[in-house]
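Encoded as structure tokens, here's the structure I'll be asking about.
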């Protein structure tokens, strides 16, 4: 007994934390290595800084390219399981090398450029779509100490860079010199510009609560615990719940995922702006889209799901970046689930949904967040906050759904039976 | 269920005095007798059948073109089939053939049908027109285009008479009985001698392959 | 005559509008439940994961399954035991006309009652099975082999006698019931034929004798007259077409 | 409705204005949701359709000419290829037309087999329709895969009965080609009994979905008078409120023996078309249950008729059935020979497309796809 207890004690007290802390520091390993080498070789300070930045960028790109490969596989397998199929399972164990095979296929395919295309722009567009996604990934805090670029105005930078995607999509659609890409890019422009609004507005509540636009400090703010164990995530507040849902919906639309995949709506406009692309350029679009998905989901996690923080007080020993990526997987799986179930909305419905539902709702979160802030901390204050903000949100919500969107209401249908 | 065609013929000739209709007997066990209508009266008859209260044939189900080639051609075919007949057939009358359109009308209101109507062109050459019934029954729109495409029946008054199944540049009418298959389709080795011969003539340089396979044995 | 009913009591289809206003998005949520159920059950329920991993795992073939036709021969020798008599009934009734038959003839141009060439173009054949249906000699049947991919589109898909002819054992293996029935009926027919042939042979013998007698008489009379019709038909020709 | 009227009041192609501003898109022949090689020449104002011209014939093989050059039975396997999603109803229609032409009696058991197979085919077609329809709406194939899962079970049944999964070539003049194999009825019963559960699941996946409701309600409406005039039949017509079903009207075969009803709707939009198909499947299951319970012993084919050597007296006949997609008719003219003198198919998909432009005008490009999906066409039948 004693022996056993000793062992348990040992593993708890010494081994486990050692592993966890090592893991926690793992993403910093390349940076530390570079620092160490620079220190050994007496490199000048500017060179060390430059190298450090390059290495951080390389880590982010490397990690997310791996994620891209894995998620493209996971997506296919999940959708397959939803549809009672196996999904890719032939290349390697469990089909693990399927992304490699796909990559080889994409690289060796003929690169077709339409005759009527603007050759230069046609080439630039797929490259341009990857850049903003990578830039946006650079400012997200993935762990306690893993922030590739710690910007004071990280959130603003994120949105500014994210808006560049629209430009490249439009260039792709226009430069293809074809009609379906043109329609697709026009759809993409109107959709992305519209959904940027609820995205921004619902983020304002978070900024109000934190008092900062720095993404690491937003996570810091959420990583505290109420009553010692319930985490202080924004999604657990009334305004944060509404804002989070609005933000999530807008995320799906920004990432062009089902049910808002109109820009590439397969059954309508073939593949939208990607119709005239093949081979590696198509792969770049694909990659840019996935990196954009990671970025926007990462922002959603950062703003509303507490970023790298653990959900409960006792679980902090798990490395923070693991929490982040775990949440990322959950968010992406939810999106896949939705994709496997729902159908696409129409353009006018998409717009109406944004302007008549999401934007009013996201505007409501701003005063609601203000009220919440006034109520202050503590149990009674929290109760008061819930008591005031919930009616404040629900009554306008009913007004929005019932009055503003009455025309969307489906009619009851009667069916008759003749002998 | 079944309708008595003679009665309808009587009613038609009574109510539309300037229209000539003819009752045609169908010897088949199906007993679907038909009414022959002059092409010029077709729209009038159809409108009457659709609108008059006792009939209400509101639904044109089917429209099919039929080719009846010139009589001497038909006779020749018959001779080839049964060699017992003497040569008298070829000398017999060579009446002009015609193209025919058969309409199958149903009444959805009274749940009755079919009422079979036929209309004929004067001949298979220049005078190949029949009045279009698309203004009366919209369902004839595509079916008349099909008959035009495959038989070359000219439907006067059709809003958009174009080829529908064959491509626009096509010139022949493939469903006519005297249509000759083109021999310029893609060459494929085939065990059938006549097809092979035609293909060989058309693609002389590619011919040996199927012959080889036969010689091997 | 017409009964009018709300969807609710007639079937399980729900009136969706009412649900919408109970809880917006209820229909969307229901759909999510269905897909989630399928996702989870696909891991343990056979019914929810119906894919068959083909080369390793095979779905059972039902005994009635038909693919391309093949020819049957009796006994061990494929050449001698061929049932086909090159009557070309199948050739004529084949809808896409993929069968090609050349009758085998001896030096005198007389029919040998067997095909010299029997080819089926599998790239044209549409597996309808009409040839097997119309064959009066129990000779052609439908195979159930379906893994027939070939490199050459033309030559490899043109099956001649060497690849078409298969034994009765093979037929009995793929379609035991049909083969047994055919064997029984053939046996009965053969017995009948044998009896008929015996009777016929006797009749012929008699006839020949009579002819001989007649000839002798005619010779005696000195008025020689050739009678082409008098030559007896070879027994095989009449016996087989029956 | 107001949306459509509003858009239609704008200057369009017909008025001659704004013609240079229109975007002319060729939707098809290679397009993911034209159900084969179908093409629509669409003129768009923004994304609003101002004109739509269907183009057919990419799959044209002159089925009718082929049939005129081969014996009557030879066309039977070709009818499988008309509407390749429901071969058995095609077989049934052709057999029915030839039986009318030749005055052939069909034994009772054969009629039962025909009705069981035809109704199974109807269920199969409507199930697959749900999948394709959702695919057109932009769902990522889940419903389609569930539909295919069930269709595989039906294919297994068909394979055991007819020898082929899709190209069945099963009906013969005066009956069917072979009798039901031992145990087939039991399997069919198991399938039919389990199907209600699948339909329930499918309904909860599809029917109440708000996105689907928004996408399909009040889309592609046409009044029932125009539908009748345009010869539209099948679920499309019934969705518009005309309870016209040839199974009831003609009562061909022995359909008058079964207790079933004809569901019909009021609005005639895409949603009603989908719902009518759901309700029809339930009715088909009712017929199937009765037919499976009552099927008698007896001949499966009229022994007097030799299908391969069929010849008819000179004359003509038009036979039609209620196919899953609408009225499927065969018009045959005989000149007494072994081949039909004239063989004409009245394909439901082809005639149902008559109003496609009228349904789409003033709506979005996305709606065109939905409307085309709700018509439920198969190009093998349209182009023949």
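Brief remarks on what is shown
To keep things simple, chains are lettered A, B, C and D as they appear, and every chain counts its residues starting from 1.
Criterion: contacts are C-beta pairs under 8 Å (C-beta built on N, C-alpha and C of every residue); 3 or more make two chains touch, one makes a residue touch a chain.
None of these values were measured; they are calculated from a predicted model.
Shared contact partners of chain A and chain C are D. Farthest from chain B in terms of Cα centroid separation is A. Comparing each chain's Cα centroid with the centroid of every protein Cα atom identifies chain D as the most central.
Between chain B and chain C, the centres computed from C-alpha atoms are 35 Å apart.
Mean C-alpha position of chain C lies 30 Å from that of chain D. Mean C-alpha positions place chain A and chain D at a centre distance of 44 Å. Chain geometry summary: the mean Cα position of chain A and that of chain B are 64 Å apart. Shared interface positions of chain D, i.e. residues touching 2 or more other chains, are given as 142, 146, 149, 205, 209-213, 243, 261, 263, 275, 279.
With touch defined as above, residues shared between interfaces to two or more other chains in chain A number as follows: 82-85, 340-342, 410-411, 413-419.
For chain C, residues touching at least two other chains, in rising order: 2-3, 7, 10, 16, 20, 24, 28, 31, 34-35, 38, 50. Per the touch definition, chain D reaches chain A in the complex via residues 3, 23-25, 31-33, 44, 47, 134-142, 144-146, 149, 205, 209-215, 217, 243, 248, 261-267, 271-272, 275-276, 279, 364-367, 369. By the touch criterion given at the top, residues 2-3, 7, 10-14, 16, 19-20, 24-28, 30-31, 33-35, 38, 50, 62-66, 93-95, 126-130, 133-134, 142 of chain C touch chain D in their complex. Residues 1, 26-30, 32, 34, 58-62, 64-67, 81, 102, 104, 108, 111, 114, 116, 137-143, 146, 150, 163-167, 174-175, 179 of chain B touch chain D in their complex.
Chain D contributes residues 56-57, 60, 62, 64-65, 100-103, 226, 228-232, 242, 244, 249-250, 312-320, 327, 329, 331, 333-334, 337, 341-342, 344, 346, 350-351, 353-355, 383-384 to its touches with chain B in the complex.
Remark: chain C residues 1-7, 10, 15-18, 20-21, 24, 28, 31-32, 34-36, 38-39, 42-43, 48-51, 53 touch chain A in the complex.
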